[in-house]
Each structure stands twice: as structure tokens, then as C-alpha cells.
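In what comes next, subunit A is part of two complexes: it sits with subunit B in the first one and with subunit C in the second one.
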Partner chain A sequence: MTDTSNMSAKELLGFYQEELYEEARRAKKEGKLVCWSASVAPSEFCVTMDIAMIYPETHAAGIGARKGALDVLEVADEKGYNVDTCSYARVNMGYMELLKQEALTGKTPEKLEKSPAARIPLPDLVITCNNICNTLLKWYENLAVELNIPLIIIDVPFNHTMPIPQYSKDYIAEQFKNAISQLEEICGKKFDYDKFLKVQEQTQRSVAQWNRIASLSSHKPSPLNGFDLFNYMALIVCARSRDYAEITFKKFADELEENLKNGIYAFKGNEQKRVTWEGIAVWPHLGHTFKGLKNLGNIMTGSAYPGLWNLSYTPGDMSSMAEAYTRIYINTCLDNKVKVLSDIISGGKCDGVIYHQNRSCKLMSFLNVETADILQKGNHLPYVSFDGDQTDPRNFSPAQFDTRIQALDEMMKQNKEGVSNE
Partner chain B sequence: MFTMGIDIGSSSSKVVILEDGLNIIAAEVIQIGTGSTGPKRVLDEALSKSGLKLQDMAKIIATGYGRSSVEESHKQISEISCQAKGVFFLVPSAKTIIDIGGQDVKAIKLDSKGCVKQFFMNDKCAAGTGRFLDVMSRVLEVSLNEMAEYDSRATEPATVSSTCTVFAESEVISQLANGVAKENIIAGVHQSVASKACGLAYRCGVEEDIVMCGGVAKDLGVVRAISKELKKPVIVAPNPQTTAALGAAIFAFDEVIGANK
Partner chain C sequence: MSRIETIISELSSISNNPKKAMEDYKKETGKGAVGVMPYYAPEEIIHAAGLLPVGIWGGQKSISKARAFLPPFACSIMQSVMEMQLEGVYDNLEAILFPVPCDTLKCLSQKWKGTSPVIVFTHPQNRKLEAANKFLAEEYRLVREKLERILDVKITDEALTKSIDIYNENRKVMREFVDIAAAYPQIIDPIKRHAIIKARSFMEKSKHTAMVKELNSELKSLPVEDFTGKRVVLTGIMAEPNEVLEILKENGFAVVADDLAQESRQFRNDVPLGPDPLYRLAKWWQEFDGCSLATDAKKSRGPMLIDTVKSSKADAVVVCMMKFCDPEEFDYPIYYRQFEEAGIKSLFIEIDLETTSFEQTKTRVQSFSEML
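The block that comes next holds the complex of A and B.
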């Protein structure tokens, strides 16, 4: 067993990410079940059942960040998936198609061979939840049909009003119970509720450490750059019900607190302006977007996206767990979305906001125009939006991004210096 | 004291030389942009016409799509801020700017001091840009300079899609094939450009005076269509293609005298 005690948070992040993929590959070899899961579907049930988990969204993001998305997007194109479909879905459907070809022919397709992504095994079942979008329903249905495997759907209705009504929580708790009985049938064994409680407790410890990291960006200057959250997010998605996430996040939070104590901040030099980034990262151009802001003296200290995994609830209470999985800000009405983002902007002490008009994520993008308008009326902060995509590199133009963030920078500077009179 | 603003766009290169932040000594345009010989040629032309040397410039600021590749510049500023600065210098009553260049359409809202309050730009799409007009001009075999004149003779503007240059081009081709008069097609093309630009302007909140700049502002057919769409008069900035370069030259002057601390 590898000694992780002396590893830095960054090393732990890399180690546990690889470990999770290795565990899934090993499980497959040993004839154990492998499940592909939506990123904010409850992980607690499968972990209780000792099922190895793979998260296609995280895997797709990794392919995007390693510049390997185009190859698999082409496979999805050939299968008829429209370019307007979410690129996580298209990357995953393309990748699945390559894995399937390999399984059917015994030959590894060239695109799979040279893919920079971690190798993942094909699933034995898939689990999805529509609390972050409805594309996930068709996407997972297609996976299940293509591979002829069971599909578990946890239906989480959209919250058109807040607070979340009790009947909605009751309905979701029933969905959870239904998922458990499906899993019992698939696994051929009873669900262990004592173990489930322990898994829930573990999940809460991971979430607590995740929130501890996120809260550090409220310091000015900040010891944390929001882009770090984009990187560490892999473990809150893939390992929140395991101790891997807790260990790594605790280490990272400890490191950041130590840095703060010693006056070491995330922005080397002097952070000049702080921005909120609304939306998913542009994974294929992560470096460009990060450096573009950095070169202008800007640090990202606000992002609501990592907060999707602020899944705090009371272990042992299904209704409380149901609430955690439904109150995600993109599963709530505009008023609540605005409130969440407003808290993010003020918590991060931000001077401006960048909205990612993400071609892939309609849910996160279509409300941006109205959200930005409402927020600006309240906080008078400048904002810009840019066209991009989470994993399809063709939908992002570096020069257009640069112009917009430079203009935002100039507007923030103007505000700070009091040049503008309104 | 002389300062220089260089605006390298996607399809043209512009240079303005300013004396003491007030007098325009040179304002030159070459109709090819970044990555071409345009930037060097326009620089040479501005210097030769003014009889000045690069060393005479107290400060040089670059703007535009190709701003980061201008070796002669001391600093880069976005074209949004530069347009605002240049237009406000020429038209101090300006509150809304509509700037249509080679590949960008922008609407900029100014406060009473000429500072950028808000701006919106086209997304990753060429519809409604100068490039869109270029494509239409080629298909229609009518030069860009003649398009306004054709438009003025239109009797019933045709409908041309504003969502995609390629689709709009095929629409125009089929309208030509169906015998629709070029005058009416061109008026439709201008309306299409106007609808795209006005959509952005509406998002900013349209406030008078409305000033148009950028190369497309030279096409009075587009100006008329925008004015009609907004139901408000539109002022065309003097020498509208050079306003961003002018703004850059003013920023350079301000920085030299320390007005912008």
C-alpha cells in the first residue's frame, strides 16, 4: 500500500484520481460491478453496495483538459449526435463507442489507443439524476440501451419556488428508496443500512472539508485561486463518499491556512482585482483562461459551480439528504440562483463577474442574461459574458475571450479608481 | 507632444497621431488587418504624411484584435475602452455607441464622463459584421461603396437571415435566382445587420445620442436601417474607422500627462 502521509494536497489529488480509475479497472477484471454515474447523482447508494464508480463528466473534462476531446467528439458526430448536444455527453458517448468497438472486436481502435484520457472500463449499470440537467436522462438512457445494461434514474424535480416543499423532499426520498431496491436486485444482496449511515457520515466529512477550502477565498488577498477548485473538484465529484476526498481536502485546506498565516497568497505578486466566474470551466482552454486573467492582475475568488457539491445533510435522515440533492442552485428558480450568486460575489469580495455562455450547458447559460442584469442592478459591478464550451474546443475563441476580459479589467479599474461617475 | 494610437483590426489597420491630446495630425487606414503587411504600411503612411518619426511619439498605445502583435506599442488597451474614448472626444453627447467592424459588432453604453458603463458584443458568429457585408457584396457583385446607393432605391426590402452568414449567403443567392431586385436584397442585407446590432444595443439600454463607428458606419444603408430599427437618429462619427485608434492616442496622451493616475 502506498504511503500517502507525506504527500502534498496536489500529490494526493493526482494519486487518488488515478487510484479511483485503477480500482474500477481492477473491479472489472475481478468480475465486480462498475457503475457510471452522473456527477451530482447520490454516490452513497453505490458506495454502500461496494460498486466501483466512474464519473463520465469528470472523465470528459479530463479528456478536454488534455486536448483529446476532438477525436472522441468526431466519433459522437459520426453516430449522429448533434453539435448542440452537451459536449460532456458527446465526449462520453464517443468514448463509450470506442470502448464498445474494442469489446466487440478485441481490437483497440486507434482513437482509443492514443486518447490522453485515463482508461476506464465499460459500465455494468448506470445511474443518473436530473438535478443538474435533463440531458443526463437521454444520455444515460442511450448508454443503457447501447450497452444493454440497467439504468437507475433518480428523478429530482426543478424547484420553481423556494423554499423546497416537503412533498418534493418526500418524493425524492421515495426515489432514493426505489434506487436502493433496484440496486438490491442488480447486486443480488440486501442493502446494508448501517453501512449506508457510515457512508453518509463520510460524505458529510468530505463536504465539510470541501466547504472549508471554498470559504478561504473570502480572505483578501486570497490564499486560494478559484481555478484550484476546478482542479480539486474531481474528488468531490468522484470520491465524496470515500475518505479519499476528505483526506485530500483537509490537507489542501491545512496548506492554505498555513499559507495564509505566513502571508503566502494564491496570486504571486499583488492581486489587483477579484472576479467571479459563473459557469463551468473551459477545460480545453483552462490555461488560456487562467493566464488571461492572471496577466491582468486578476484572481478568481468566486464561483458557484464548485458549490454544486455543497451537499450538507443530516446522516440517517432521507428527507434531509433529499433536500441536499435538490437545492443545487441550477435546480432552483431565477430568484434563488441570483441570491446564491450574489452571496458568491460578495463572499469573494469580487470587483466584476465573468459569465461563461456555455454552448453545452443550456441550463447554466440561458438564465445568465437575466441573472447578470438583476445582479448588476443591485451590486453595480461590471460584467462580461463570453462564448465557450466546457469540452468542445471549437466553441471558444481565445481572442474574443481576451478582448472581453481586458475590457472587464478596464471597467473594474475605472470603478476602483472612481473615474466613472455613475 | 505627439502620441499615437494603433488599431489593428481583423480586416483593416488604422493609425492616429495626436498632438497635445487635441489635434489630429494623421489618421490613416489600410484595408488589411492583423497578420498582413497592413500594420506596417499604415504606420509608415501615418509617419510619412505627418513628417514625424516613431521616436517623436511620447507614447504609443495599440488596440484592436491584433493589439498584442504591435511591437511598437508601449501598452495595449481593449477596443471597447478605446472606441468609447475616441467617440466621446468627437461627440461629447454620445451615450450609446454602435461599432461594427470586420468581425465584431459592439454596443457600448457610456456614462456622462464617457466611461464605459456596459457593453455587449456579438458571439462567435460573423452575422451582422463587416465580413458579412463583404460576403454579400461579392455574391451580389456590388461593391461595398455602392451598397448604400442601391439600398436607397429599394422598394420592398427582402428578408435576409441574421442568424448565420453562410445561410444568409445561400438565401441571397436563391433570391437573385428568383429575380428579386438587387436593391431590395441589399436593403434586406442592411436590415439584417441592423437587427443584429440593435439587439445588442437594446441589451445595453439605448440612450441618445447614438453614435456609429467602425468601418461599416461608412455604409449609410446600414446607418439608415439602424436608425429605422431604433426609431432614433444615429450620428456617424467623423472618420468612423479611426475612432478606436484616436481613443488609443488620447489614452496615450492622458497617460503621459498623468491624467489617468
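The block that comes next holds the complex of A and C.
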């Protein structure tokens, strides 16, 4: 076993990410079950059942960040997936197709061979949850039918009215029970409720450490560069029900607190303005977006996206767990969405907001105009939006991004000097 | 003018002019109308309140004002609905019933630009569980309460049960119409067929039922003639604007069945029997299958379409793909593969309510026609 005690948070992140993929590959080899899961679907059930987990959204983001998206997007395109649909889904459906071809022919397709991302095994079952979009329902329907494998659905109805009504939590809790019986059938063994409680407790410890990191961006200057959360996010997605996430996040939070104590900040004295980033990262152009902001002295200290995994609940209480999985801000009405973002902006002591009009994500784009307008009326902070995409590199224009953030930078400067932007 | 022509002409004029249909209803009953956004809202609750449920399906429109509120990758139908909201087209509706079965509708439900009050409800998507029925019945209970408050009426279980009966009768008559129309393509061309069906979105249903019933019986009294053109099944959200159907007609296509959200998907199932009307309406959603907006772990749309092609003796399927509708776009690769495996031919055409140029559709339909 590798000794992880002296590893830095960054080393732990890399180590556990690889370890998770290796565990899934090993499980497949040993004839154990592998599940592909939506990123904010409850992980607790499958982990209790010792099923190896793969998270296609994280995998797709990894392919995007390593500039390997176009090859697999082309495969999805050939299968009839419209270029207007979510690029995570298209990357994954393309990748799945290549894995399927390999399994059927025994030959590794060239595009799979060349893919820069970690190799993942095909799933024996899939689990999805629509708390971050209904696309995840359609995508996983397709995975299940293409591979002829069971699909576990956790449907969390859109919360058009807040607070979340009890009948909605009851419906979700009933689905948890149903998921457990589906798993008992698939695994051919009883669900261990004692172990489940421990997995829930582990999940809460991971979430607590995750929230500890996120809260550090409230310091001014900030020891945390918000873009780091995009990287560490891989473990809150893929390992929140394991101690891998807790260990890594604790280490990272400790490091950041130590830095803070010693006056070491993310931008080393060059933090001039602080921004909130609303939306998913532009993975294929992560470097460009980060550097573009950094060169202007702008640090990202607010983002609601990592907060999707703020899944705090009371272990042992299914209704409380149901609430945690359904209250995700993009699954709630505009009033609540605005409230959540407003807290993020003030918590991060931000001077402006950047909205990602994400070609892949209708849910995170179609309310941006109204959200920005309401927020601006309240906080008088300038904002800009830019056109991008989470994984399809063709839907992002570096020049447009640069122009927009320069404009934002200008407005933030003026605001700080007391000139109104309204 | 024959009785058949008269009925078709009346229904076509209603289908083309919902505003007048609303005004006529108001004159007749003194009561107003409630807008029904797509897809699959329980119109029966509005009907039971004595108001006219009016389907909101956008229209052929160039988009300008909506551009400020929606990026260009929002679906064509919602672009046009947003444009019409901004023009005040829907402002004389007493309320808007707003289901949210896709991500676009979730967002749109939060940004209505008109003046009417909006009542949002969510369809459950883990539909085959009993818990889903309970959840939806509760949503419908709240819809009823909100309607009662806004309209200042009482919607009783008795009235609701009666309305469900009226709607089920309409559904049955519409299924009969679809079958009969397939036998008389020389009379019921694609445009007329669409108008007859669409008129139900703007009419009190028992009136629509009576007219279509009469039409059915008039049609059945005529001899069935040989049809030399091609028989097709339409699938998708809708087959508008009329230019699209005109192209099908010009190329000798008859629509012998459809799987459109605006048409047969609404009436291929009845609301099931049971003691509690709201629960019955909820159960309809559980039994409903083969639609991109109703999650289905078995993905039965492809097999259902293949069955429809066989039972209606169709030559092919025409995929009417709503531009930027991701639920529909996700279904396509699966049923396309299933069609290929079953040896069923299909043609993909894009539905764009904004377009005024149909050359591409024309060319595609022409060459498809030659291929069949």
C-alpha cells in the first residue's frame, strides 16, 4: 500500500483520482460490479454495496481539459447525437461507443487508444439523478438501453416553490427505498443498513471538509484560488462517500489555513479584484480563462458550482437526505437561486460577476439574464457574460472572453473608485 | 359545400385563430380562458372550473424581442412563445398553467414576461413508482387550489370527474379520427388533418368532440379509394408551420398516424378509472409512454413507433425535429438505430418556427419520396 501520510493535498488529489479509476478497472477484471453515476446522484447506496463507481461527467471534463474531446465528440456525432446537446453527454456517449466496439471486436479502436483520459471500464448498471438537469435522465436512459443494463433513477422534482414540501421529500425517500431493492436484486445480496449509516457519516465528513475549503475564499486577500475548487471537485464528485475525499480536503484546508496564518495568499499580493464565476468551467480552455483573470489581478472567490455538493444531512434520516439532494440551487425557483448566488457573492467579497452562457447547459444559461439583473439591482456590482461550453472546445472564443473580462475589470475599477455602472 | 368541407373549414378557422375562439367562448359563456403551456398539463382542472383551456404553442414568427432574454440555442417553440409573451399576446388569459418536464421549461417557468399569473407544477420522472402518482396528485391538488383562488371559483370533484369523462370521450373520438383519416388521405390531407387536431387546443372539448364525431361518420359513409402516394408517420413535438405539411402534401405523402406532442401523444391514452379525480389525472402520466419528456428506463418510443408503422401500414417515419429540443435530440440516435435494425426508413426534417425558407425541407422530402 502506498504511504500517503506525507503527500501534499495536490499529490493526494492526483493519487486518489488515479486510485479510483484503478479500483474500477480492477473490479471489472475480477468480475465485480461497476456503476456509472451522475455527478450529484446519491453515491451512498452503491458504495454501501461495494460497487466500483465511475463518474462520466468528471471523466468527460478530464477528456476536455486534456484536449481529447473532439475525437470522441465525432463518434457521438456519427451515432446521430446533435451537436446542440450537452457536450459531457456527447463525450461520454462517444467514449462508451468506443468501449462497446472494443468489447465486441476485441480490438481497441484507434480513438480509444489515443484518448488522453484515464481508461474506464463499461458499467454493469447506471444511476442518475436530475438535481442538476433533466439531460441526465435522457443521457442515462440512452446508456441503459445501449448497454442493456439496469438504470436506477432518483428523480428530484424541480422546486418551483420554496421551501421544499414534505410530499416531495417523501417521494424522493420512497425512491431511495426503491433504489435499495433494485440494488439488492442486481447484487444478489441484502443491503447492509449499518454499513449504510457509516457511509452516510463518511459522506458528511467529506462534505464538511469540502465546505471548510470553500469558506476560506471569504478571507481578503484569499488563500484559495477558486479555480482550485474546479480541480478538487473531482473528489467531491467521485469519492465523497469514501475517506479519500475527506483526507484530501482536510489536507488542503489545513494547508490553506497554514498559508493564511503565514500571510501566504493565492495571488501573492497581486489580488486586486475578486469575482464570482457563475456556471461550469470551460474545461478545454481552463488555463486561458484562469490566466485571463489572473493577468488582470482578478481572483475568483465565489462560485455556486462547488456548492452543488454541499450535501449536508442527518445520517439515518432519509427525508433529510432527500432534501439535501433536491435543494441544489439550480433545481429551485429563481428567487431561491438568486438568494444562493447573492450569498456566494457577498461571502466571497466579490467586486463583479462573470456568467458563463454555456452552450451545453440550458439550465445554467436560460435564467442568467434575469439572475444578473435582479442581483445587480441589489448589490450594484458589475457583471458580464461570455459564450462558452464545458467540453466542446469549438463553442468558446478566447478573444470574446478576453474582451468581456477586460470590460468587467474596467467596470470593477470604476466601481471601486466610486463611479456608478448603472 | 359538403358537410365534410364545412366541418373542416370551421375547425381550420378555429385552429388558425385562437384569439377569436377565446372571444367567442367569452361571448357565449361569459367566462375567460386559461393558457396551457406544453406539455401534458391537466387541462381537465381548467375545464371543470368552466373556463376555456387554450394551448400555447407559439407560432410562425421572426424573433427579435426574445433575443434579449434567451440565447439562440433555446428551442424554436419557446423562442416564439417568449416573443409572443413580450408582445402581450397572452395577457388576456386569466392564468397560465405551466408544466416543467424539460430544463428549458424549468427556466421559462421562472421568467414569464406577460401579465397573467403563472401556476407551475412538476411532473415526476420516476414514473412507474406508486410514490410518483402520490406526488403528482399533490401537485395537482395545489394547481386546483391556486386556480380556485385566482379565478374565484370552486372546482369540485364532481365537476372534475365530469370533465375527465368529456376529455376521455374526446380522446376516443380523436383516436378514431386518426384511423379514419388514414383511410381517406384524398380528403384529409396533412394540413387539414393537423388543423382538425389542433383545433382541440382552443375549443371546449365536448364541442370539438361533436364536430369530429360527425366528421368521422360522414367520412366513413364514403367509399375508400386507392391511394397511390406514400404513407408516413410523424414523430416529434409538432409539425408546423403549415409550409412543412404543404411540402409533404405536394410530394404525395399522407400522414397515417403521428407521435407528436401537439397531436396524438395527448390522446393516445385515456385518463384511467378510479375514485379520486386528481389521482386519476396523475395516473395518466404513469401510463403514458413513448415521449421524450416522460422518462422511460425501457426507452419504448422506438418499439412503439415501429408498431405504429406496422399497424398503420406506413412506408416510413418523418422525424419532425424541433430545433434545439434536447429531449427529442437525445431520443433520436436510439430510435434511428432501432429503425435501421427493423428496416424502417426515416426522414429527418428540422422544425423551426422562425424560418421562412423551406427549400432544404423541400429537397429532402423530394429525394426521400423518390427513395421510397
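Before moving on, here are some points about what is shown:
Here is the rule we go by: the second predicted complex is superposed on the first by the 417 of 422 C-alpha atoms of A that agree within 3 Å, B and C clash if a C-alpha of one lies under 4 Å from a C-alpha of the other, contacts with A are read in each partner's own complex, and residues count from 1 in each chain.
Rule of thumb we're sticking to: a residue touches a chain if its C-beta (ideal position, glycine included) is under 8 Å from a C-beta of that chain, and two chains touch if they have at least 3 such contacts.
Given the structure is predicted, the values throughout are model-derived calculations rather than measurements.
Within the superposed three-chain arrangement, the count of touched residues of subunit A is higher for C, of the candidates subunit B and subunit C.
Within the superposed three-chain model, A:Ala399 lies in touch with subunit B and out of touch with subunit C [touch as defined at top].
Once the two complexes are laid over each other on the shared chain, residue contacts for A:Val369 go to subunit B and to subunit C alike.
In the superposed pair of complexes, A:Thr326 makes contact with neither subunit B nor subunit C. Of the two partner chains, neither subunit B nor subunit C is touched by A:Gln390. Contacts of A:Thr135 after superposition on the shared chain: subunit C is touched, whereas subunit B is not.
Contact with both subunit B and subunit C is seen for A:Gln357 once the two complexes are overlaid on the shared chain.
Legend: residue contacts after superposition of the two complexes on their common chain; A:Pro382 is shown touching subunit B, with no touch to subunit C.
In the superposition on chain A, A:Leu151 makes contact with subunit C only, while subunit B stays out of contact range. Touching of subunit A by both subunit B and subunit C, each in its own complex, is seen for residues 357, 369, 387. On subunit A, the positions that touch subunit C within their shared complex are 79-82, 84-86, 89, 93, 130, 133-135, 137-139, 141-142, 144-146, 151, 153-155, 157-158, 160-161, 165, 167-168, 170-171, 174-175, 178, 333-334, 357, 359, 362-363, 365-367, 369-370, 387. Of all residues in subunit B, those touching subunit A in their complex are 65, 68, 76-81, 104, 111-113, 115-119, 121, 123-124, 203, 260-261. Contact residues on subunit A toward subunit B in their complex (touch as defined above): 357, 369, 376, 382, 384, 387, 395-397, 399-400, 402-404, 406-407, 410-411, 414, 417, 419-422. Here subunit C touches subunit A in the complex through residues 68-71, 73-74, 100-104, 106-111, 120-126, 129, 131-132, 134-135, 138-139, 292, 295-299, 321, 324, 326-327, 329-334, 336-337, going by the rule given at the top.
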